[in-house]
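Several structures are given next for inspection.
What follows is chain A paired twice: with chain B in the first complex and chain C in the second.
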Partner chain A sequence: MKNKRQFRKRDILYLLPMWLLSLILPDPLPHLKKEFRKRDLFYLVALLLLPLLRPDSHFNYIMILAGIYAILAVGLSLFLGYAGQISLGHGAFFGIGAYTTAILTTRCTFPTLAAFGASAVAAAIMAYLVGKPILKLKGYFLALATLGFGEIFLVVVKEWDGLTNGVIGIFDIPWFSMAGFTFDTYLKQYYLVWGVLTGLVLFSKNLVRSKMGRAFLAVASSEDAAASIGINVATLKLEVFVLSAVFAGFAGSLFSCIMSIANPEAFGLNLSTLIVMMVVLGGMGNLYGPVAGAIFLTWLTDMLGKYQEYSLPVYGVILILLLLFFPDGVGTRLGTRFVYLISYWPKKKRRDEVRS
Partner chain B sequence: MSPLANIPQLLSSGITLGAIYALVGLGFVIISRASQIVNFAQGEFVMLGGVVTFSLLHRGLPYPLAALISIAFVITVGFILQVLVIHPLRKASVLVLIMATLGASFFLSSTSGLVFGTLPKALPSFSGERSFHVFGILVSPQTIWVLGATLLLLMVLYFLSHRTLLGKAMEASSTDPLGADLSGISRNFMTFLSFGVSAGTGAIAGIFIAPLFYTSYSVGTLLGLKGFVAAVLGGWGKNSGAILGGFVLGIVESVSVAFIPSGYKDAIAFVVLLLILYLRPKGILGSPYIDSRRW
Partner chain C sequence: MTLLDVKEITKEYDGVRALDQVSLVVQKGTIKGLIGPNGAGKSTLFHLISGMERPSSGGISFDGMDLTTLETDAIAALGVGRTFQTIQTFGNMTVVENVMAGMHLRLKGGLLSCGLGLPWNRRAEKEALREAKEILEFLGLLGRWEWPSSQLSYAEQKMMELGRALAMKPRLLLLDEPGAGLTPQEMRLLEERILRLKERGMTFFLVEHHMAMVMGLADEIAVLHNGQLIAEGAPEAVKADSKVIEAYLPSGSSGKSNGERGCSK
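Up next, the complex of A and B:
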């Protein structure tokens, strides 16, 4: 049989949109692909150019907020998407990060960079203390226990007036500054937040390809099987919990520096569920999904804010509809369809060859 | 006055609070016994029960009629929730189910705030406002109503789940799904029914507590969570566990006010939860699910 290539003009039509889509969509099968692709470069350039293309202060503000939530979501995605555990208490670690920065910079006149580090350390210590007893739980019980921790944190923050200034919160937190350079405009803060996010995503990308990252996936699929091949499941779960709390601590520190206020309203159950939604909608088990989910949900909440009292019910309905139609994430489902289309094309060609 | 002198009075209010937690916890147990789903919107049924009764009473309906219509309304909401949200997601992961029920809870509470107003509401007592003294403790007549209703509901639910074919079918569809399918039990229908029963229980609890504690559109979430804590504390998956856990939680929470600042009261339930999950995850009475199943 002759190995004749039949290339039709029609195929060019498929190619262009698929190539464009491949730049935007998250990777459906990340473990089969090379480490660094054109797509990553595309994201990076888009990230750098975005605020310059749209110099609109409200847009920049939304993107800063989305960046902070994306840091949280990427951290949670390690715990939720890779290690397969459930946490509904990540708002608390975010809050611990924010309050540590707020207290250290306003009361003890720490430089913000030191407070930034201290926030992550504080969140990590708290995560270690909380995670040690509760991470042996699974499913609904783990969800309930983490949620309970979030509620305890909220009550303590509201009641401990001396340290946290109660429900009023702490004001006048200084801008983030580093080596004499102050991030005082939205544009500078945009690059700060998304710079931190890029660093953390690169770290996570390397992490999930390491031995530890593979172990996360093993624990997610079956804890017994993972234990039988020599993975210390309890320690691993604790490590990934602490790691995702560190991410949340960073995010909280940035949040309090940029908003220059830390009050308990921002760290409740609503925030925790919002972050989990970002990870779920972005797709479990990939790192760009949570970022896309964070941008989408931040934009959605902002857009619905225009309708005031109708925004909350509509928001609830949209969340439920998204879950009903994309229970394994918007990116994942579109990505699977995309892989199917690509693989269909060469197979069809081969079938045609066999037939001729 | 020393804090200990208040304890008998706190104990009596703790028992009332405990009855409420027990009723809310029962709602969780009913659904989980039929389908192993935890419905995080359970607290909203309680909230809706109180709020809808209040708004009907405001329109001039007599009390019993308003209560009955409100219970029927909440049961319908439970059915709708099952059909529109739970049924399409019955094969989804635990996480997606949690998020979907939390989304439903969010939707129900904000919609009720929009429709019925956001001000706190108090229903009138069932039989007069005059409290009476028992052994020097001030007891409101509503407390007796609440305790009586809890006892009655518990008996009804016991008969439903242990003495009727329907209840046994519900139980079977949870303990052995394949066996239930083989013996011709429709698991979807059992889940559907359990949501109705659970919503009804929640609504009754909501109507009975509304005269004692103010009700408003936002009370549901916390009440639901505490009910879940109560069910876990007593022993997950057992009616008796939910009842016992509810009373223990209510009393602990109420008596704690004597020893720590009252602002920390809301945290007590979750501290108790973390302790019980750490020390004895199957709860006080033991749970039929914890050891045999992967939770």
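Up next, the complex of A and C:
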């Protein structure tokens, strides 16, 4: 009798954190589950309430930045986490998006919404032109080629004074406005950024659960086998690359509207590696992970802001530790472990009961 | 009716002749076996047919279409499915997704329509899931449809790979050593399933080391030895052919001179 009561106490102790964890941790088999689950609802409600619960402008600013990076990370997650290709030049597509918006709104007086679309188109065209030749490369070679592209973009931006105003950058980019509504406070911008992100995550979710998602994973797993079932590997890689550049273009456009400045500092190798880290941290082959990774790393960057000089070594150490202990990402690994744990736990309980 | 027609195909790797003027045909609705000692060029021939490598000379036509200039995915689109000698499954997907991946060409929709989750896309997806489960049921894997595919045993992964190829609804299925690594019981099940598929009108071309299996299954057998076709015909005739016996059981000087390693299985 006494034994049973002890078990019940422990049950409650375990159940609460486990239930909370089940809301937060990613699904172990995310490509198949179709229903809109309670976890999605939890995320959505948390997202909507977060700025209202903590009406602190610095916190909101960090969350806006995290949202923008999350858009980038979700886009790269399709390319890196699903299709298994590496890109160290995504900062450049972010930059192309930002500069397209900056130039179109300040020089040509485009409405911001039109510039928002144009940024994505510009990034897509650039990705198509760059991706066509370099996506034949694999692994380290692809990493190097994309890295080179990112650096070339940076040099072009710095030197082309007439168009980009060189290292100084373009100022006074107007707030994002839509149908007469201007997003001029942090709170409004928070909802704008996270709204766009929600839309893009839903799009990606549909995508990875369709035949295209299976094709991405197939290419990541075995290109020979993917070709043998009729997937055109080269075209598919190019499509994913362009798609992730479109995401980066959207993010860049939002960034320049919200910061109201576009200068080359923001789009360098630092950013590109940061996005890769967000994806790796959150987990390969899942979509919520990169968002969590983006929030965590943006927050960490802010914390380490005082020690700017030391931030690079800290990132380096984090990245090495991640690749050593969580090669498929913290989120994905923890999710799998968690499933083993809950399938093990009731069995253990039953075993204990039989024993006693 | 001739479905696959291989004409005087030659493949050279840096001076080594893997295949030398090999010609053979596969008739529609039959099972053709391809045997030969290790290194005879069987897998090379499969790679050439499925477009993973290009022949040095000669031609391959499938239902009147020339395959030698087409890419692998275009050949798959024509209806040539294949499995691999060393299994190439998609370990990052579940079992049923592996099979559904085989339906890539039959499912419509591109990046945009899939991403927007259009209703007809969702319906097709449901239909694909149902069909994939039917295939898994046929292969005896339905109980594991939600498993991560990397958790399956070797034999089960081989079955799943076959299921992926079946999901393409191919007109010709190339099986590269389907029986390798299976227990006798699993092999009997596989034979049974291949025969049932043949009844449904599917054409097979299979490389196999296991003699009992290939003799029982095939309507016609071709024998490769050192890149050359040395015999072709009904199983009994091939079994009795003196050249084939010579190739498998090299006796005296002839065995040493061609440096043959012999049959390993």
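The rule is simple: the second predicted complex is superposed on the first by the 310 of 356 C-alpha atoms of A that agree within 3 Å, B and C clash if a C-alpha of one lies under 4 Å from a C-alpha of the other, contacts with A are read in each partner's own complex, and residues count from 1 in each chain.
Heads up, the rule we're going with is that a residue touches a chain if its C-beta (ideal position, glycine included) is under 8 Å from a C-beta of that chain, and two chains touch if they have at least 3 such contacts.
What you see is a predicted model, and the numbers here were worked out from it, not measured in a lab.
Trainee: Which of the two partners, first being chain B and second being chain C, lies in contact with A:E309: first, second, both, or neither?
Mentor: first
Trainee: If we overlay the two complexes on their shared chain A, which of chain B and chain C does A:F203 touch? Say first, second, both or neither.
Mentor: The answer is second: A:F203 touches chain C but not chain B.
Trainee: Just chain B (first), just chain C (second), both, or neither: which does A:A220 touch?
Mentor: In the superposition, A:A220 contacts chain C only.
Trainee: When the two structures are overlaid on chain A, which partner does A:L147 contact: first (chain B), second (chain C), both, or neither?
Mentor: It touches chain B, and chain C stays clear.
Trainee: For A:L88, select first, second, both or neither according to whether it touches chain B, chain C, the two together, or no partner.
Mentor: It touches chain B, and chain C stays clear.
Trainee: Regarding the shared-chain residue A:L319, is it in contact with chain B (first), chain C (second), both, or neither?
Mentor: First partner only, chain B.
Trainee: Considering only the touch criterion stated at the top, classify A:I125 as touching first (chain B), second (chain C), both, or neither.
Mentor: Touch partners of A:I125: none, neither chain B nor chain C.
Trainee: In the three-chain superposition, say which chain, chain B or chain C, touches more residues of chain A.
Mentor: Partner touching more chain A residues in the overlay: B.
Trainee: Between chain B (first) and chain C (second), which does A:L48 come into contact with in this model arrangement: first, second, both, or neither?
Mentor: In the superposition, A:L48 contacts neither chain B nor chain C.
Trainee: Of the two partner chains, chain B (first) and chain C (second), which one does A:I229 touch, if any: first, second, both, or neither?
Mentor: The answer is second: A:I229 touches chain C but not chain B.
Trainee: Under the touch definition given earlier, write down the residues of chain B that touch chain A in their complex.
Mentor: Where chain B meets chain A, its residues are 38, 85, 88-89, 92-96, 98-100, 102-104, 106-108, 110-111, 113-114, 221-222, 225, 228-229, 232, 261, 263-264, 266-267, 269-271, 273-274, 277-278, 281, 294-295.
Trainee: Using the touch definition up top, name the residues of chain A that touch chain B in the complex.
Mentor: Within the complex, chain A contacts chain B at residues 80, 86, 88, 133-134, 137-141, 143-145, 147-149, 151-152, 155-156, 158-159, 269-270, 273, 276-277, 280, 309-310, 312-313, 315-317, 319-320, 323-324, 327-328.
Trainee: For the complex, give me every residue of chain A touching chain C.
Mentor: Residues of chain A touching chain C: 29, 31-32, 203-204, 206-207, 209-215, 217-218, 220-222, 224-225, 227-233, 239, 243, 285.
Trainee: Hey, which residues of chain C end up touching chain A in the complex?
Mentor: 50-52, 71-73, 76-77, 81-82, 84, 88-94, 96-97, 100-105, 107, 109-111, 114-117, 121, 125, 128, 146, 148, 164-165, 167-168
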